[in-house]
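Shared between the two complexes below is chain A, which pairs with chain B and chain C, respectively.
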Partner chain A sequence: MLLDIIFNAFNGLIVGSFYALMAIGLSLILGLNGVINFAHGGFMALAAYLAFTLVPYVGFWGALVIAPILAGGVGYVVEQLVVRRLYLRDPLYSLLATFGLALIFQDLLRTIWGAQGLPLAIPDFLNQPVSSTYFFVTGYRLFVVALAIISTAGLFAILRFTRLGVRIRAGNKDLETISAVGVNIYLLRSANFVLGIMFAGLAGILAAGQLGLTPTMGDSLIMPSFVAIVVGGVGSLLGSLLGGLIIGVASGVTTAFFPAASEVVIYLIMGVMLIVRPRGLFGQEGLFE
Partner chain B sequence: MPDHEIGRRGLLKAGAGASAAGLLLPRLGWSASDNPVKIGQVDSTTGNFAVLGQSQIKGAALAAHELNAAGGILGRPVQILVEDDAGLPATGLDKAGRLLNADNVDFFIGTVSSAVSLSLSQFAQKNNKVFMCSGGHVDKLTGAACNWATFRVCSTTWILTQGDSKTLVDKFGKKWYFLTTDYAFGHSEQADYTKQVTGYGGTIVGGALVPVGTSDFSSYLIQAKAASPDVLCLLLAGDDQINAMKQITQFGLNNSMKVGGALFELEQIAALPEAARYGVWTFEWYWNQPGVPHVADFVKRYNTMFPGLYPSQRSWFGYVSVHALALAATQAKSVDSMAVAKALEGLTLPPEIALQPGAPTFRAEDHQLLLGMFPGEVNQTGTYPNLMNIYDYVPGASIALPADQTGCKLTYPS
Partner chain C sequence: MSVTKPGEDAIIAAPRDAAAPKTFNRERLGLIALGLFLISVPLWFSAVGGYTDLASRVLIYALAGMGLNLLLGFTGGLSFGHAAYFGLGAYGTGLMLANYTSNTLLALAAGTLLGGLAALVLGPIAVRRRGIYFSMITIAIGQMFYFIAVRWNDVTGGEDGLTGFSRQPIFGWQLGSTHFYYFVLFFFALGTLLLWTVLNSPLGHTFVAIRENQKRLVFLGIRVERYIALSFAISGLVCALAGSLNALLDNFASPDDLRYTLSGNFLIIAVLGGMRNFWGPLVGAAIFVLVQNYVSAITQNWMTVIGLVFVLSVMFFPLGVLGFFRRRGRN
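Coming up: the complex of A and B.
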């Protein structure tokens, strides 16, 4: 039984790091653009389908690089046409608009690639367990964890050490002031949105490698990332990371005792967090309070 | 989102729209004044069951096309109005209400999710319309929850599990572990398997209920592995099954235990990479039945109407649903639901619609079609549509629960 719990906790960390990867793009956009992007799952699925189409030409690795960039391009267009118009409005508008976008994406994918599930081929050497005892640690899952760590570290580096990053962080704190000192905040927000979408794209492709492609795949992936953000704290990237890991482990360990509750436990955690500490672990004071 | 007529939905689909719409409209010979017999099809075109629902819609469309080419039902054209239930009972009921009140449909067909089937069954009874359930398997639909208005084409979970339970025990072992989808269909399947497997001397060493729409099965699989069963029995539905199979393969669990179960469909196998295609399952119909009359011709007609696609069991469900209603209406000389229901009782499908060695009959006592089962093993190295090696054909009447044990008591309104 103890081994069981350790296995499940370990497995939860793997799952959680994936949640975290998904949540970070969402958190980035929520922070600077102030938009709760319900279409995030749609972008994930879009990038995954693009990767599916690209794999025969450029291989899995090529697709893993190119597809998120293409999705970022689509993200740029969407930002220009739709999201940009929402910045000064009530948050309800952005909820409705991005929810509509999510539905559009889903039907678009269904129209182009069909409702039938499709397999996304991953390199064979990743597709097997690393050891027979730890059968649930496959090469691919290790790879996902590694990539989650690398890209999160990369993002932190961008935010810490580049001019763009400094501006994004400053904008998060006080958009009006950085606008007043001459930063083009429209451009900044576009860049930030595209960056967030590229993260979504990366997460989408990684998910598809394990789960395959369906037009609705974004829906089932997006909910845990919302929970991760609320638990970790809106506006805090570190919080999103931690939030993802916490719900991953909680859900994993619950499975060892009461499998049917493994899904509901993450919402319970979110509920408790909203009551006890509405801003989340590392959230900005005032949000939701 | 009103996806009102199938033609419009078809237009959205992959450019095949033009031909699909043409086929679904009444043919040119009908004048505008012809009053069509309207069949409301509540089925999934989005959600977890979308792929299966689409196949049922295609099968029904082919049947309507054939009926119209041959003079319709009682000289009236057949029109199928499709609404999307998204796999949700509330949505299904809402759409059924619209079909009844706005479109005045004569009958209902469709549904993949057992939960939707059960609620639509009650709706149909309340509104005195026949509901020909195409694809929801839960036992009690033609058991304790049966009613005079509801008939079912696909099997009960009892018939489905009987299709291969003995094979699985004999071939693979007596220690079973279940991964079961957490709603009516899964519960019903697990109860049936448990009864059958223990009857054959097997034991149930554990199991987990999995919420619908689960994408990550890793934690469940850790539990399953810890129980070290001989047979890992998957009772999942829709896209969940695909996700589970992929992860079982990635974890290498299929090397230490045998994987099998009741329902695994052509559409699902097609969506899996080769490494994740394996196991013993039961099909309720299969397109490749050498030597059985009419089957090859049916496949050809389906191919013509939907290029590149082969009929799955879901296509056959949709096809039979419409034809059975037409046969009964013709026999009753009426489209009145009560008269059609009476005519459906005991109706035996003719060979060109049964499309299998046996002759399935709608049992009068519970309105269940006693269709045959096609247990078999996934053809791992095959390419679409050659994805299954069928072992056997098991006539439904030989494995169905006797009518007096289903718990069904039918009463007609006076």
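Coming up: the complex of A and C.
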């Protein structure tokens, strides 16, 4: 039984890592661009499919680097064509527009790569279990958690130590002022959007290695990511990270006891959080309201 | 959450649509014309290549869109989870017919009340936050119901949906396609009457005032959350009525009836038609259902077409079709 719980909790940790990476990207974009990017799941799936196509040519490691960058490029185009035109309007409109984009993404992915599921080949040595008792701890799963942590730490380093990061953080606090002191906020927002999309792309490739590829793969991950943001608190990247991991593990542990409730528990956690502490774990009071 | 800048369009559009003085004969005339048009639909709809169930679907989605629009367009709350109440209506009606009663009207009432009650209970939770947060919470609540429907196999039929029921004759009245259209039209009229009455009451004026300037109302000592929650409940009730009708139309309730994609479709319907207009969602629903039906006959990629229509209309016609024409009419 204990092993069963550990097994499910560990599974939850993996899925939670995907949620966390998604939520961090969403959170970045929400913070500076003021956009709930409903198409995030679409970008995520796009990167995963690009990786699938690239693996035969550049291998898994190459695809892991190139696919998120390509997805980021598509993100840049989308930002230029659609999202940027809606910055001055109510957030309602960007939510609706990105919902439309999500439909388009899903449909095009299905047209190009087909509706049936595809596997993403991962290197053999990553597929081995690390120990015989804990057979479920494969190298790949450890790799997923490690990469989630490393990339998040990398993001924090960028935000803390680079000029771009300082500007993003300052822009989160007061966009008008940094515009007044000479920062090109349109460029900054584009860069930020692309950065967020690249996180989605990374999540997509990692998730595809674990769960396989379907055109709707983004669907099942984006909703818990929203929840992760609410639980962690809007405006806090650390909150998004922890929120993602918490709901992932909670969902996993629930699977051990009552499998049918494994998805519902995520939303219950959010409900409880909203009643007990409406701003979330690390959220600021009154942001985006 | 005000969508246009205050004073620009909202002030003119809102009272005219929602709370116009009843002295305007033109408005009455328009209403009668609309009523006659809707009554006549089964007579000519097949001649232009449609079929009656499609017209019923337009009315049902329009009703859901108008219900949603009470909250979205007139109170200023963007709910991305109204499919939950639609779906609860559908499942409630289906379960009643499948297990407990052969009375179609009773089942319809039960489904509607189930969805309305859920909205009444969940509204106050969602209203704890505003703005973007509110939208995310409503999505999440909606998805919760989706997963319950998918996972609770014994009762809901799981992913395959709920089957094994069909609409029963009412007092010997067989509800064939055409008759069912009039059945739907009756409840459509009832639902719109409810919305119209609400919007023309002091309550409705409060809703619009909340949309326009929430802070001021708070300063005036009005408990804004309660009013938004009430708007949420009424709009959920109307959506549930639409969902119940939808279950009767298809003799089927699907988990997709609860899914956020359908919530998004209702938003499309409201925004496409014009969310500042009382009848906007009717126009939006007509466009949406007809595009979905005809484009899906031509190409597999109808989702792309709908998505494109949607993105472009959000970008270039934020006031929707009716808003667009009204504005041109004024100029």
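Keep this in mind: the second predicted complex is superposed on the first by the 275 of 289 C-alpha atoms of A that agree within 3 Å, B and C clash if a C-alpha of one lies under 4 Å from a C-alpha of the other, contacts with A are read in each partner's own complex, and residues count from 1 in each chain.
The criterion applied here is as follows: contacts are C-beta pairs under 8 Å (C-beta built on N, C-alpha and C of every residue); 3 or more make two chains touch, one makes a residue touch a chain.
Note that the coordinates shown come from a computational prediction; the quantities given were computed from them, not determined experimentally.
Trainee: Aligned on chain A, chain B and chain C: do they clash or fit?
Mentor: Aligned on chain A, chain B and chain C clash with each other.
Trainee: Quick one: classify A:Pro129 as touching chain B (first), chain C (second), both or neither.
Mentor: It touches chain B, and chain C stays clear.
Trainee: Is A:Leu242 touching anything from chain B or chain C once the two structures are fitted on A? First, second, both or neither.
Mentor: neither
Trainee: A:Thr138 contacts which: chain B (first), chain C (second), both, neither?
Mentor: first
Trainee: After the superposition on A, what does A:Ala148 contact: first (chain B), second (chain C), both or neither?
Mentor: neither
Trainee: Between chain B (first) and chain C (second), which, if any, makes contact with A:Asn11: first, second, both or neither?
Mentor: first
Trainee: Quick one: classify A:Thr111 as touching chain B (first), chain C (second), both or neither.
Mentor: Both partners, chain B and chain C.
Trainee: Could you say whether A:Ala260 touches chain B, chain C, both of them, or neither, answering first, second, both or neither?
Mentor: both
Trainee: Once chain A of both complexes is superposed, is A:Met270 in touch with chain B (first), chain C (second), both, or neither?
Mentor: It touches chain C, and chain B stays clear.
Trainee: Taking 58-66, 292-300 or 310-318 from chain C, which overlaps chain B after aligning chain A?
Mentor: 292-300
Trainee: Could you tell me which stretches of chain A are touched by chain B in one complex and by chain C in the other?
Mentor: 103, 106-107, 111, 260, 263
Trainee: Can you list the residues on chain A that touch chain B in the complex?
Mentor: Spelled out, the residues of chain A in touch with chain B are 3-4, 7-8, 11-12, 14-15, 103, 106-107, 110-112, 114-119, 121, 127-129, 132, 135-136, 138, 140-141, 207, 210-212, 214-217, 220-221, 251-252, 255-256, 259-260, 262-263.
Trainee: Would you mind writing out the residues of chain A in touch with chain C in their complex?
Mentor: Contact set of chain A toward chain C: 30, 36, 82, 85-86, 89-93, 95-97, 99-104, 106-108, 111, 223, 226-227, 229-230, 234, 260-261, 263-264, 267-268, 270-271, 274-275, 278, 288-289.
Trainee: Provide the residue numbers of chain C that touch chain A in the complex, in ascending order.
Mentor: 1-3, 78, 80, 125, 128-133, 135-137, 139-141, 143-144, 147-148, 151-152, 260, 264, 267-268, 271, 300-304, 306-311, 314-315, 318
Trainee: Using the touch rule from the top, collect the residues of chain B that touch chain A in their complex.
Mentor: Within the complex, chain B touches chain A at residues 1, 12-14, 45-48, 50-51, 54, 182, 208-211, 213-216, 218-223, 225-226, 239, 242-243, 246-247, 249-253, 267-268, 270-273, 275-276.
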